[in-house]
């Protein structure tokens, strides 16, 4: 077997394509939900009251300090014990969102804290309420300033989707493992998968660069 | 303007009596007494750390004084939400570092408060904003972002932004000290126009020519107290205290 | 000092002839001719973007000019490693933002170059550093970190650091414009002392009183060119060009 | 034949934890060495070297670690090396860590303000001396918190080494859960172990960050 | 490649390296003192004993069984390795050491008697196992097959109701019944013989192993191992 033979892998490219599409779908869904979770969690984590702050900090720390695979198992196999049964794909999206949300909330929190005090004072001096200041003065520049870190986190989230094959989601790595079981061509299949992931990451990065320019034109100004 | 007429002695815009402000154990304002009448232009000067910014910031409730009585634009400044909101709505503030909102265009900077605080429609707010941008002589920069402007232009936008709320009192905290020397003039010119049009203004600044030109009164602060206060000619010609003399010697080389 | 005597016309420290510098397509220096003799104090002024910093930075090879001939302290500035090293060793530079090394104490800031460039022993370097810290009047701050000092003190450390390499030419790029008004004086005083002790200095600054007091020559730049050059009294009293007149009117209010 | 979940299992998982930490340390050391090389390539003025490093970082960061591990583990034999599993894993993890550390450290070096380079050069310090005495000491302060943070990620990611035969914590959990049929309890225990190791390091990295920001 | 055959190498170095999945009870697992045990381990021990060499066990997940062999990580694979034609293209098999039956297992109350009854149902199986190959091949259109990475996950999916049925070996079914009586064996899908995996071209090693299997069968030690670990004794083993 010491030669590379891609025919077996390529003849099952339809399977791979399905896996790829599913990977893209669950990743994008998770990114969107994670971002919403992150904004809420970041906001709450900056609340003065400990009762509000502490649960959020606990959420973030527990997620950040345990392996993702364990979180996936607990959601898929553990929740039914509490009467909540999620389909594999739903469970995967939920797990990825919770996981990504914890990391992104740290990033967004840093962004919010990085907003110059003078910005908030200017808002106050204009008579704006705290909520108006947060929505109109703080949030957008905060997200804009940490956008590159968010993109990096989204990429890690995309890659972490390879783990959810463990709960029978037929995403890219899972499909690859299935094909591997059929063809026994492990090297070939992993090389192909690696190339696909790198391509997916490149596409994600590229579209985020464009999105950044559209959403935050003020970051790219030259006098 | 009704609120102003309600105050005791004619049309006082600011009445401070025995106002004290502490940061922890440090006393930043020490029994400040100050009256500002409608239409007056006051220049505040003094060495670094003397409490000039603190005073200005207490006037629009960005900082809260701990004792003494402070009435601004007819509103007594206290901890209540209504008082703070009312005071801030009636005062406009211009900061040393402009503090423009970098993610909004110039005109959006001037529209946001009228829309979100006064509840103006977008069109109304735009019309008002355009008017004030014209008044500070940069109507053509309306659609640029702050980062695309020079420092002097940015500070003029900040002035327009404050004016867009039609404040009864304008506060300036060293508005020209972050500017390149060539841009100082354009901002001072704008401020001179405002003063001559009859706005009530309190300006912390070291630009003594500005003080000579338009100030009705110069106030000299040191270590949290108002040490001297008087017409600019008198103040510059014959400062009463040793501290003021020293300070003027340094500032005027 | 031998290197200086080698130059053609007496003891020129800087000889620039037809020096041009481009950033991409933009011409930042346009055929600059400049001679500075040993012991001279030159003040460079001009509007923002006129190329003052670029000129200063070309003089110690922080930027590389593209055409023309530039000799500094007897060394022809070109791309060779030796030339760049020699020029930087013979010139000292003081920046607007101090650029002190935040991870080193004040005295370490002044010792690093003598030790690593001149190969001095630690003790020798410490003795030299102490001498120069005394000269800028802050010997007692030796063991503090830059962040613990005021802006004026930091800038004086930066001057001591540059002096610690015993440069034949000192370059200053707006050394006081990042300082609070009260600290400007202490730095200018230090510079005046240096000038009076006979150091060769080129200073970009808008402090016109400093220029009047110690400059042998004022150079006015605009759009990459030296537009005027002359004794300070003449320059301030009768600027020859319209551009210089405008500039002075703005600077001096 | 089928066992109650017991203290013996927990002890067995503790030996797995030992491997987990060992692997992470190996990766940190190997990754630091390779990461330093990448960092130097990345900040060097040689455009080709910089590009190569950039490409390497992009590809390794763009591939799931699981896939990288498989390629490293099985790939060696395709090109004719017979390597011990542990060696293959150590190499794969080091390559992986290098890509991230190289990126973190480049960022740290580049976030030292430009004025520091100029200050050093104006004093006549050579490029190497400026790096050695001025830039790198400051970059290390900037880079320490994210490096410690990445170490936590590394500890968690060693769970993937189980697929290529290292009996580390996650693999011990798999083995125990299959012997006891109690996956939930077992995985919760594993999660607790990971948390107990990772959380103090996270806290430490936070403290560092705070201290350096002052 | 080393000089001589793998068999020579094993004897010369005095050690045989055997790939076994230790997370596949009762074939490969760990005992109460966390030593490797199970049917595959018992067979590997017998082989090492008769070769007169030491035994080194390399733990491996099921997907890694064949790659480990083909990439020289192990000498042989004794790891509940079902014999299929596809796999036989990549590696060589010895004669079988056990014949398993693939069962469909489902909650006691459900009516499942044939492959047809699985249509519309979620059927769990461990990825890359013979179980997977067989159900993938035989399932009627409309069956929803869900693949998990190991038996623990597959079983857990059944217990937690995330799947309606699973496909598993007899021994694994025994293991489930030992835990609970909520689940029943519904029907057998197919019999599948298991062998020892050898690298392609290692004919003398395979020949030695075939000889060994015959000797172990005749001495009754193989049946004893089947009885002890799998709870079933095959009446005969297919040979080829």
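In order of appearance the chains are A, B, C, D and E, and numbering begins at 1 in each one.
Simple rule for what comes next: a residue touches a chain if its C-beta (ideal position, glycine included) is under 8 Å from a C-beta of that chain, and two chains touch if they have at least 3 such contacts.
Keep in mind that this is a model prediction, so the values were computed, not measured.
Shared contact partners of chain B and chain D, listed by label: A, C.
When chain centres are defined as mean Cα coordinates, E lies farthest from chain B.
The greatest centre-to-centre gap from chain A, using C-alpha centroids, is found for C. We define each chain's centre as the mean of its Cα atoms; on that basis chain D and chain E are separated by 35 Å.
Chain A and chain D have Cα centroids separated by 20 Å. Chain centres here are Cα averages; for chain A and chain C they lie 52 Å apart.
Residue positions of chain A touching 2 or more other chains, listed in rising order: 73, 77, 81, 186-187. Counting only residues that touch two or more partner chains, chain E has 63, 67, 70, 153, 156.
Residues of chain D found to touch two or more other chains are 70, 74, 77-78, 183-184.
If you check each pair of chains against the touch rule, the ones that pass are A-B, A-D, A-E, B-C, C-D, D-E.
Within the complex formed with chain A, the chain D residues making contact are 58-59, 61-68, 70-71, 74-75, 77-78, 152, 156-157, 159, 170, 183-184, 187-188, 190-191, 194-195, 198-199, 202. Note for the complex: chain D touches chain E at residues 1-3, 6, 8-9, 11-12, 15, 70, 73-74, 76-78, 82, 85, 162-165, 167, 171, 174-179, 181, 183-184. Those residues of chain E that touch chain D in the complex are listed here as 22-26, 29-30, 32-34, 58-61, 63-64, 67-68, 70-73, 150-153, 155-156, 159, 175-176, 178-179, 229.
For chain A in complex with chain D, the residues that touch the partner chain are 2, 4, 61-62, 64-71, 73-74, 77-78, 81, 155, 159-160, 162-163, 173, 186-187, 190-191, 193-194, 197-198, 200-202.
On the chain A side of its complex with chain E, the touching residues are 1, 73, 76-77, 80-81, 85, 88, 165-168, 170, 174, 177-178, 180-184, 186-187.
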